[in-house]
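Chain naming follows the written order as A, B, C and D, and within any one chain the residues start at number 1.
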Amino acid sequence: METYSQTFLESQKNMGRLLISCPDKPGIVAAISKFLYQFGANIVESNQYSTNPEGGSFFVRIVFECPDLKMKETELEEQFQPIADQFSMQWRFTFGYEVKKTAIFVSKELHCLRELLWEWQSGDLLTDLALVISNHEDCREIVESLNIPFYYIPASKENRVEVEKKQLQLLKEYNIDLIILARYMQILTPEFVEVHPNRIINIHHSFLPAFVGARPYERAYKRGVKLIGATSHYVTNDLDEGPIIEQDIMRVDHRANIEELKKIGRSIERSVLARAVNWHLEDRIIVHENKTIVF
Amino acid sequence: METYSQTFLESQKNMGRLLISCPDKPGIVAAISKFLYQFGANIVESNQYSTNPEGGSFFVRIVFECPDLKMKETELEEQFQPIADQFSMQWRFTFGYEVKKTAIFVSKELHCLRELLWEWQSGDLLTDLALVISNHEDCREIVESLNIPFYYIPASKENRVEVEKKQLQLLKEYNIDLIILARYMQILTPEFVEVHPNRIINIHHSFLPAFVGARPYERAYKRGVKLIGATSHYVTNDLDEGPIIEQDIMRVDHRANIEELKKIGRSIERSVLARAVNWHLEDRIIVHENKTIVF
Amino acid sequence: METYSQTFLESQKNMGRLLISCPDKPGIVAAISKFLYQFGANIVESNQYSTNPEGGSFFVRIVFECPDLKMKETELEEQFQPIADQFSMQWRFTFGYEVKKTAIFVSKELHCLRELLWEWQSGDLLTDLALVISNHEDCREIVESLNIPFYYIPASKENRVEVEKKQLQLLKEYNIDLIILARYMQILTPEFVEVHPNRIINIHHSFLPAFVGARPYERAYKRGVKLIGATSHYVTNDLDEGPIIEQDIMRVDHRANIEELKKIGRSIERSVLARAVNWHLEDRIIVHENKTIVF
Amino acid sequence: METYSQTFLESQKNMGRLLISCPDKPGIVAAISKFLYQFGANIVESNQYSTNPEGGSFFVRIVFECPDLKMKETELEEQFQPIADQFSMQWRFTFGYEVKKTAIFVSKELHCLRELLWEWQSGDLLTDLALVISNHEDCREIVESLNIPFYYIPASKENRVEVEKKQLQLLKEYNIDLIILARYMQILTPEFVEVHPNRIINIHHSFLPAFVGARPYERAYKRGVKLIGATSHYVTNDLDEGPIIEQDIMRVDHRANIEELKKIGRSIERSVLARAVNWHLEDRIIVHENKTIVF
């Protein structure tokens, strides 16, 4: 399902993005910008960051415009390869007209799903929302009313392998680029995570690393914290330990009971997850040593 | 040393505060307000909170004005005793004209001390700043330039008992009500803590319970968090586990190295500690089951 | 339409609220709390504020629990009248089981409507959402899908009187307590406003008093502000000058164009309006001299 | 007076910054980066922004490292001139080892001055704090105790021209790069402003454009706003209308009287001004059409 207009896609038809990580060395920017200039591409936006001038790492995100880009994709990547080799780059080009395909996983708490659906309906989430998978039936109606395919796959500790097999098949079938765990209360196996490196975004309902694991609001209540938070991160095999993409908090006071903490928390979770997903879709995130650079 | 004017103290001469915790029961507010009314005291401000209507706890903070209060202190407390007994209250009256005496403990990092001195000089911290104790000489000049007694007591793991003996003697001599650990990097013994229940305020340089213990900024950097925080809390025998009074955070991004995290953190620590101290001095805080109610 | 459960209403059946404004005088709290105690009502929560001890104004919000409250409503109000007279009070009792009836007015921008519908569906907005009125057809489908009556009344400067006549008739018919202008882009006449004093809540898409009037985002962009805000307020006859209930802001930078300011702004508008509406429904707001006290 | 160590200056001896505004055209980045590479300079950090791909403006800030930079300054600028001409650039190189000279103007409210002095003492404000000018004697002691020259120049509407003559002479004598109005409550003449384009930073004690002009806290109190703000901006001839550099706000409620609004406001003013000054000193700000781009 797509909500963005053909006009928008048309406006993106010559827009490309280039993301690079590599060891820092003199001449990288000169080499890249000379290449793009000679290829006929005009740099529209550019952000660069180095961890340390000497012996450090170099990261850049460049947005460019290039006439007839769609027809030159292969040519662009082929001609860039020698520069990438010269500087030992990890790199990727993405193209404004190639919209990423997304799957949302959800359980019974629907506020994050609703926020994503809403942003997507408003045209603010630039993705092809291909399917929703849930271990409950609660959201079928709302999902199907938007003509998005919904798959009910009951899940438990016992049938994890079988469940993931079905899920992986669907993800492959729909050609999914990004998986969003919008309060999906099941743990994924290392096998599942491994095939989607930095392509699964989770929302954890606390300010990590405070309250790692289950029932964070209950524990926040018990500890008497004065701020409630949420964290969106890429999923790795270490529970709640993946690279943090975005965090936010809200102020609470002694009057808030657990139910109210949860209610306030839902509002933070919604916006924190939506921001992280947006940044991923706009290719703003580079992962480096379990941390994120967000341009 | 006092910075507030005699005019201010004069304006407070009839102002009192009443803080109460007790099991919740019908008739408490009626009993208290009838008592105050009959005593000739007018309620100026009042905040109340109950954990749960049935079988819960009741907390109230009342600010009142009463002609000739200074002369009636004993009478007030004596006459209130029967009501306190009737409802099994923990209670205390404090008086606007009785300024609390404060001691600041500090090590080598002076930003929190500076903030407190500054607020105190501006008349915004209503306390008699009686002395500063440090295990380093760094702040002697700034403290003594304000005519505040400064005591240098070198401290280490080895001489802890002896050091605390000297400190306790000074606290007694100066008749101290509140101890502020303004980045005092020594751990206090249970014996020291025990004699000052809910009267020692510490600033921890992280958003607790994240990064309990040493070197929180280094660990925050390593974890790649997107928010940096600070927490002020009453000191108990469990390291960094005492009742939280106030917390705050600031946003950081991938560009911030450890030094910059520390710099940003200093700014949060300053304001979080100053707010907590102010609330304590204004008798706004009630501690209940390792949590704070801040009215 | 109601979304809260009968169980919830049942839990509220003995809960009442009392809101009072009056000239400050000794004995008010004693009189009220004695009255409630003798009536058999237990004070659950209480907040009080005085503008100035001498010659000022006194405000209080009390939440209480009273067995068989529903049957004693008239009795309660009758017996309280003498106290109200004695202290020249403006006062009202409200009852937890009497859910307020709400009408939403909306034009073409639907994000605030969606947020309210969502909170209402989740059971977080305790109101009987009686009808939605719009001068456009855009939201008919979403409103009617929730079984809420939708009325399309095309509006313009020319037919204002006629339009308002229809609207007033509907509001009367549905017995409406609260009108929410959820981005309703029409100006109301003094006659309309007059019959709903402090019962119309508007959301203005700027941090008032900055950018009063039309096209605030365009003007914010032009001025180069670094923060974007929204303001919810009660509607009076002075455009954007009514008592402010709630405000909030978000940080923006030079990269945000007008479209992006609007997108960020929508997110603030949603939450600011929802908070204001919630506080109104919970009887937390007292209006005094074009300002609000929010307990 | 300088507080940074010689070690720090030493570490900066090869660091340079390049700031450019120009009409957007293909090839700018390629030309700049090729030039720097061939000059032997390595780009450490780079931020770029274009208002609009077609016919818009291009802005870039580049931080670079170049061996023996101090000896090559003139050469660098001479060799860059042809590129600057080719693209019609407004440009400037600045050098890490050339510390900017700053003058602070202040009246009777000293909190902003204190914050700046403090950051400067801590080594967090990288500037040569050359002198403080005031129309009152209040801060003489604190300024002179830090061995900073203090000049008392009484000022009023009547003697404005004469006063500014003295001030301009001092600014010239001390070779001042940046003037900070740290709550200097006098209006500057167009003649004074003209000779320091985008080199005078003021702190206004409100969230501009709300409460332009005098007594903003009084007016904020009267309007009943729920957030209090401060704005730092470059001074132009239009009162409070210059390019905004930074803004921030804090939440207030009905209990805050004017004095408390001012107290809360002081805390925001301090940090907002300090951030703006820091960004200016780090050459992070480009002014474009009465707005700022802050890299």
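In this text, contacts are C-beta pairs under 8 Å (C-beta built on N, C-alpha and C of every residue); 3 or more make two chains touch, one makes a residue touch a chain.
To keep track of the chains, here are their UniProt names: A, B, C, D = Formyltetrahydrofolate deformylase.
The structure displayed is predicted, hence computed values, not measured ones.
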Maximum centroid distance from chain D, chain identifier (CA atoms): C
Chain pair, A-D or B-D, that carries the greater number of C-beta contacts: A-D
Between chain B and chain D, centroid-to-centroid distance (C-alpha), Å: 37
Per-residue multi-chain contacts in chain D, two or more chains: 49
Residues of chain A that touch chain B when the two form their complex: 49, 207-211, 223-227, 229, 243-249, 253-255, 290-294
Chain A partner contacts - residues on chain D that touch it in the complex: 26-30, 32-34, 36-37, 40, 42-50, 53, 65
Touching residues (chain side chain C, partner chain A) in the complex: 111, 114, 118, 122, 124, 145, 263, 267, 271
